[in-house]
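So, here come the structures, one by one.
Paired with chain B in one complex and with chain C in the other, chain A is shared by the two complexes that follow.
This part shows the complex of A and B:
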């Protein structure tokens, strides 16, 4: 039985997903005795569609040579999703943290027709989690989003599945690799502006870096963790946010004198929703340097568990999406 | 429908399991609409048995006041297991790394009669993994052992379930908190003997510490990871083992001069099985100080993922056993 996939968004992550599906065909056949086929892939301008299945390599080639994944697309992609037969929507279009953007519409459309959804799109999850989660339950399909928080670091499934029997008390984490890179460089004496410039040159920060350095990205992840792990009903705007732009060289030096570093920490608990720079003792797990993401999960039985991994990257984020796909295949097998 | 549990071994961990089952009754009812009852618990001398269910609090009281969990027990506990009705054996009796000990016999008996087994007993798993795993498959029951490696740190289920779709390339880890405590104290200038004495005074090391400091405990965990995660067929004696007893203050000081520390690292891959002291750069995840366990999992897609948590402790180890029980309940629900 073939599992039909639509990929909405064919940027870095969407392309990574196509590559991973190609690399893992054999594993899927061996483990689940099923075929996974991409029946459609689209970006903001173009669409490739073949009900018999598209060749991932050809999709990647076409995108790389022409900037488009297929032919010019219809403007109403919701209608396309409504009229096309598929089992799983992989929603990885650009995020919009103010409205949820097109991704929100695509996710709603897919869930409504009874398809599973895997997404790393933070806007829809940080703004409309409860609605989307309830819709998925009602339609008896899965809404999965492991890659939306921490990239390859499996924090969502760790909390919801491995620690299903634990009461999770708090999660504290470094949820944005760009900010952590900048703060790590400032530890070495660089002023903020120079550290930011370095991050931009290395491709860690966007030319408009405000989404990262103002703490917005971290805050949307905090909102998602609150909804998904603590069963709260919050949106992005409920999070108390302070970014890293006001951190001075003096503050970093003073922290260093006390054997501390400054890190941008997101914290979620049943009654807390915060992103703020904090003093962290050197040697503490949250004093991590570099671009990794890291989280410390405090539970009633297991005590503190920390996990870290690459928070971004084409194949790393696709790996989180693939783990969600494997979970869907595993559940359908039973 | 009641799930009937037998606890074999009523030392620290067995008592922790009884306490956790008491604390989590409400969660189990709410989530699975089932009751979990301890129908028998025994240690090396005594046995409590009531097919209608034993009160965990009374078991704990009796053990603490008399040192026995029940009345003097029959010598042939295999026969008792054969003749008693139960669904899950929680095997937490003292480990025997040379023969597998009584625990091996109890696990075989339970699997043979079609009961699930949850164990943290490293002897049977490090010596007879393939046989026990095949027997569980044949009988269509689960053999689970999350707590056998890394205590509360969920490394087994992370590798086998969350990373089911990944190819795991290597696992490197600090798998023994006692050795890591001793090496961390030596970093501060203490000689080996004094650091060991401190570990014994704090209850981290046994009066005969050889099981820890000769690397035997780490090696049995390496063997278990090789069998469970890499699908190899090895026993404890296949692991190349060097302990920490030959590490001098001079070696530690020399490492420190190069901004390195010495840590006892277990490494498993498709062609490696090793426990040895290694030089680790300060700041590297494996340079961790203290009694925590930590592992770095390298995979083909997700890249390096590190996880750490408490490697021992009454409630922490019981939490890993409880996560296995939850997984069994979850699988039966589907």
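This part shows the complex of A and C:
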């Protein structure tokens, strides 16, 4: 039996998903005796569609050579989703933290027609988690989003599935690799502006870095964790957010004199939702340098559990999406 | 946790050190030692030690090591549990503002052993100051936190706090 997939968003992550699906076909056949086919892929301008299945390699080649994944797309993509037969929507279009953007509309459409949704799009999850989760339950389909927080770091499924019987007390973590890179460079004596410029030159920060350095990206992840792990009903705007732009060389030096570093920490608990720079003792897991994401989960039985992983990247994020797809296949098998 | 203990050690060379060394072994910090040569009991002399340990687990380990080393504990008292509070203030701050802030904080919740460091870079309007202190009650950690956050927000100062707060 074939599992039909639509990929919404064919940028870095969408292309990574196509590549991983091609690479993992044998594994899926062996383990689930099923075939996974991409029946449609679209970006902001173009659409490729074939009910019999598209060749992932050709999709990648076309995107690479022309910047488009297919032919010019129809303006009403919700209608396209409504009229197309598929089982799973992989929604990886650019995030919009103010409205949820097109991604929100596509996720609603897919869930309404009874398709599973896998997304890393933080906007819809940070703004409309409860509505989307309830809709998925009502339609008896899965809404999965492992890659939305921490990229390849398996925090959501770990908390929801492996720690199902535990009470999670707090999650504290480095949820934005760009900020962590900047603060790590400041530890070495670089002023904020220079560390930011270096991050931009290395491709870690966007030309408009405010989404990262103002703490917005981390705050949307905090809201997602609060809803998914702590079963709260919050949105991005409920999170208290302080970014890293006010951190000075003097502050870094004073912290260093006390054997501490400053890191941007997202914190979630039953009564706390916060993103703020914090003082971390050197040697503590959260004093980590570089671009990795790291989280410490404090539970009532297991105590503190620390996990880390690459927070972004084409194949790393696709790996989180693939783990969600495997979970859907596993659930369908049972 | 600050602990004051009276112990008795054999009156032979090396025994005093033998009673102090275990405090370091449990990552404790010796604050003061008084050697009472006149306080003799069963050929042992009295030593009064004040030290800080992280908590009751360390204290129990210390008691076990003392027992192994034949150090007799006659009194273990004046135990005061303390909770660290750490803040880094960044903004247009002056030493007088900080002094006022610390005095007001102490009124809200007794701050103990306050260590305040101030950045010396004069050309920058954004100064930084680091405060390391202890409070006696866990609820004081929250009281202090709310106070500093409110005051700093009013003054346009960023307060960066420790991870455990």
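Criterion: the second predicted complex is superposed on the first by the 334 of 334 C-alpha atoms of A that agree within 3 Å, B and C clash if a C-alpha of one lies under 4 Å from a C-alpha of the other, contacts with A are read in each partner's own complex, and residues count from 1 in each chain.
Keep in mind that, in the parts below, contacts are C-beta pairs under 8 Å (C-beta built on N, C-alpha and C of every residue); 3 or more make two chains touch, one makes a residue touch a chain.
Since this is a predicted model, take the numbers as computed values, not measurements.
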- Task: Kindly say whether there is room for both chain B and chain C on chain A in the superposition, answering fit or clash.
- Result: fit
- Query: A:276 contacts which: chain B (first), chain C (second), both, neither?
  - Reply: second
- Item | Partner chain(s) touched by A:53 [first = chain B, second = chain C, both, neither] | neither
- Message: With both structures fitted on chain A, tell me whether chain B or chain C touches more of chain A's residues.
- Response: B
- Message: Output check: A:303 vs chain B and chain C. Expected answer is one of first, second, both, neither. What do you get?
- Response: first
- Message: I want to verify one number. Taking the Cα centroids, what angle sits at chain A between chain B and chain C, in steps of 10 degrees?
- Response: 60
- Once the shared chain is lined up, is A:246 touching chain B (first), chain C (second), both, or neither of them? second
- Give one of first, second, both or neither to describe whether A:154 is in contact with chain B, with chain C, with both, or with none. first
- Query: Thinking of the overlay built on chain A, is A:258 touched by chain B (first), by chain C (second), by both, or by neither?
  - Reply: second
- Between chain B and chain C, what is the shortest CA distance in the superposition, whole Å? 6
- Note on the structure: Residue set of chain B touching chain A in the complex reads 20, 24, 27, 31, 152-154, 157-158, 161-166, 283, 285, 289, 299, 301-310, 313, 315-316, 318-320, 322-323, 325-326, 330-331, 334
- For the chain C and chain A complex, residues of the former touching the latter: 86-88, 90-91, 117, 119, 121, 124, 126-130, 132, 158, 160-163
- Sort out for me which residues of chain A touch chain C in the complex. 172, 242, 246-248, 250-251, 253-255, 257-258, 260, 262, 265, 276-281, 284, 286
